[in-house]
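The following pair of complexes shares a single chain, subunit A, combined with subunit B in the former and subunit C in the latter.
Our next item is the complex of A and B:
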């Protein structure tokens, strides 16, 4: 694939990440399936009390078990993994220019991207099919 | 052909003899790296939900106290500021680098200032700067108070 085509995908994934990232933010705030929309609930003691916030296990699980949110997270993960590891590849290729080093960097980033993608997808898919407790 | 990169990444921290675009380039790279590393940490953090409520709740509480109290909201706020900057500067770069909304190019004239990109680029910097402050403010208010503006 030409470098110019990869750059166009970089721009496109950037815009899509912006839209899906905003949806991710809404998933844990305004649209969170909880009465209380607070992320960090310190109360009067100053100790992080999870049970009332959106980060509480059963609240997060409700979001993960929804097919719609699962799809949003999977798409976001896909675009993020491409955008980030292609960005890392560009930065590293500029720091270590040369045909051989660029090839090594490209393959290293590809493997790292696949690992993160599979790792994140595993969480999303297993939660959709009743993972966790 | 191998092109030597003499200064390397050190030059990102020395944008003094250049204009605002160079500062924005350095910040774009640094925020990009920070956000990339955060994604990897976030994928690890969220994968713990598969281990059940005890592990998940423990990790959520522990991550709030690695370097003192209330670390969670602080790190999330910094990530939010970095994300707002990287996203909005990314939109500016997408517009400017693809030649969108720009006038036709013309013959260079002394003192060779790029007037064709100047006007729009400067307006975009101001508009996106204001949007960044608003976005970051809304996010930080939510993180610290739970109030959705």
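Our next item is the complex of A and C:
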């Protein structure tokens, strides 16, 4: 793959992360259910007033049970993983230039990206179908 | 040291200390700074100051220079922390009593203020800085309008002094990075309507240490003594390479003018 193609994907994923990140923020704030206050108890009044209960695990978890939101999060995860680990690859390649070191860096980032992607996907799938992690 | 007025150059305005970085890799000794007191007259440049040191105080100080008028690009160095041509920088304009002089950064040092410019020339050569055509031998001139020349004219002013590469932060860590000088020159030739060499340059430009490694700090454009804007050239190259992902950029090549023989009578 040419560097221009990789960088184009890097820029596009950057923009998409902004869009999906905003959606994610909406999901856990404005769109999240606020009436289920099962975890609202004495001692969390301040937090409750601040978030209106949307950030309680129980409420957040509810969003993940929707397939549509699950897909959005999976896409966000994909874009994030590419953007972050390609970014790391670039930074490290600049710090340690050279054929051998760059090869090591590329493969290391590829493996790390795969691990994070699989782990993130597992979390999303478990939330969707397993009721939690 | 006694102040000495150079005859014919006017009076000494004040005495300034030149703190010059001395380093001889062959000696095995670490770099050190040595101070020299120099009588300064109106219009005296840093290069004049260094030459005064060489002539009167310490003839072992080494610096590279040639034209003394900002054209050859030989006397690039870091003066008071900023990349400049020593022949273009007047000591009094610096407004300091102490002038610190270092060799350009991101290069090796041959001796004292003489940088090893191998990297600069190697990178420059790698982007094939000449008009590439498909003919074996041109039969006539290639036509170009003033507007077409204007599209790259600024980049032809590069004198290859290497100051941009010295100021470039990417070059400080990535020694394989092509650098602003070579990339700006690549843009200069690619945007020349007589050129057909984009594809031959793509391998180098679109590589891991090519055009995409620029962080757009703009230091190269900031220090260029000829007003060239390498950062702009790099961004335009990126634009070209990005659009090239979707639609292959085609260089048509300038139309040929009349055969040389029909105009001059000489083949």
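Worth a mention:
Assume the second predicted complex is superposed on the first by the 114 of 133 C-alpha atoms of A that agree within 3 Å, B and C clash if a C-alpha of one lies under 4 Å from a C-alpha of the other, contacts with A are read in each partner's own complex, and residues count from 1 in each chain.
Here, contacts are C-beta pairs under 8 Å (C-beta built on N, C-alpha and C of every residue); 3 or more make two chains touch, one makes a residue touch a chain.
Just so it is clear, the structure is predicted and the values come from calculations on it, not from any experiment.
Legend: residue contacts after superposition of the two complexes on their common chain; A:98 is shown touching both subunit B and subunit C. Of the two partner chains placed around the shared chain by superposition, subunit C is the only one that A:5 touches, whereas subunit B remains out of contact. Comparing subunit B with subunit C, the partner in contact with more residues of subunit A is B.
Judged by the touch definition given at the top, the superposed model places A:19 against neither subunit B nor subunit C.
Of the two partner chains, subunit B is the only one touched by A:61; subunit C is not. Using the contact criterion defined above for the overlaid structures, shared-chain residue A:110 touches neither subunit B nor subunit C, since it reaches no partner.
Judged by the document's definition of touching, subunit A residues 94-95, 97-98 lie at the interface with subunit B and also at the interface with subunit C.
In the complex of the two chains, the subunit A residues touching subunit B come out as 11, 14-15, 17-18, 21, 25, 29-30, 36-42, 46, 48, 50, 53, 55-58, 60-61, 64, 77, 80-81, 84-85, 87-88, 91, 94-99, 116, 119-120, 122-123, 126-127, 131-133.
Touching subunit C in their complex are the following residues of subunit A: 2-5, 7-8, 90, 93-95, 97-98, 102. Touching subunit A in their complex are the following residues of subunit B: 2-5, 8-9, 29, 32-33, 35-36, 39-40, 43-44, 46-47, 49-53, 56-57, 60-61, 64-65, 69-70, 72-73, 76, 83, 87, 90-91, 94, 97-98, 139, 142-146, 148. On subunit C, the positions that touch subunit A within their shared complex are 170, 173-177, 206-210, 212-213, 241-242, 244-245.
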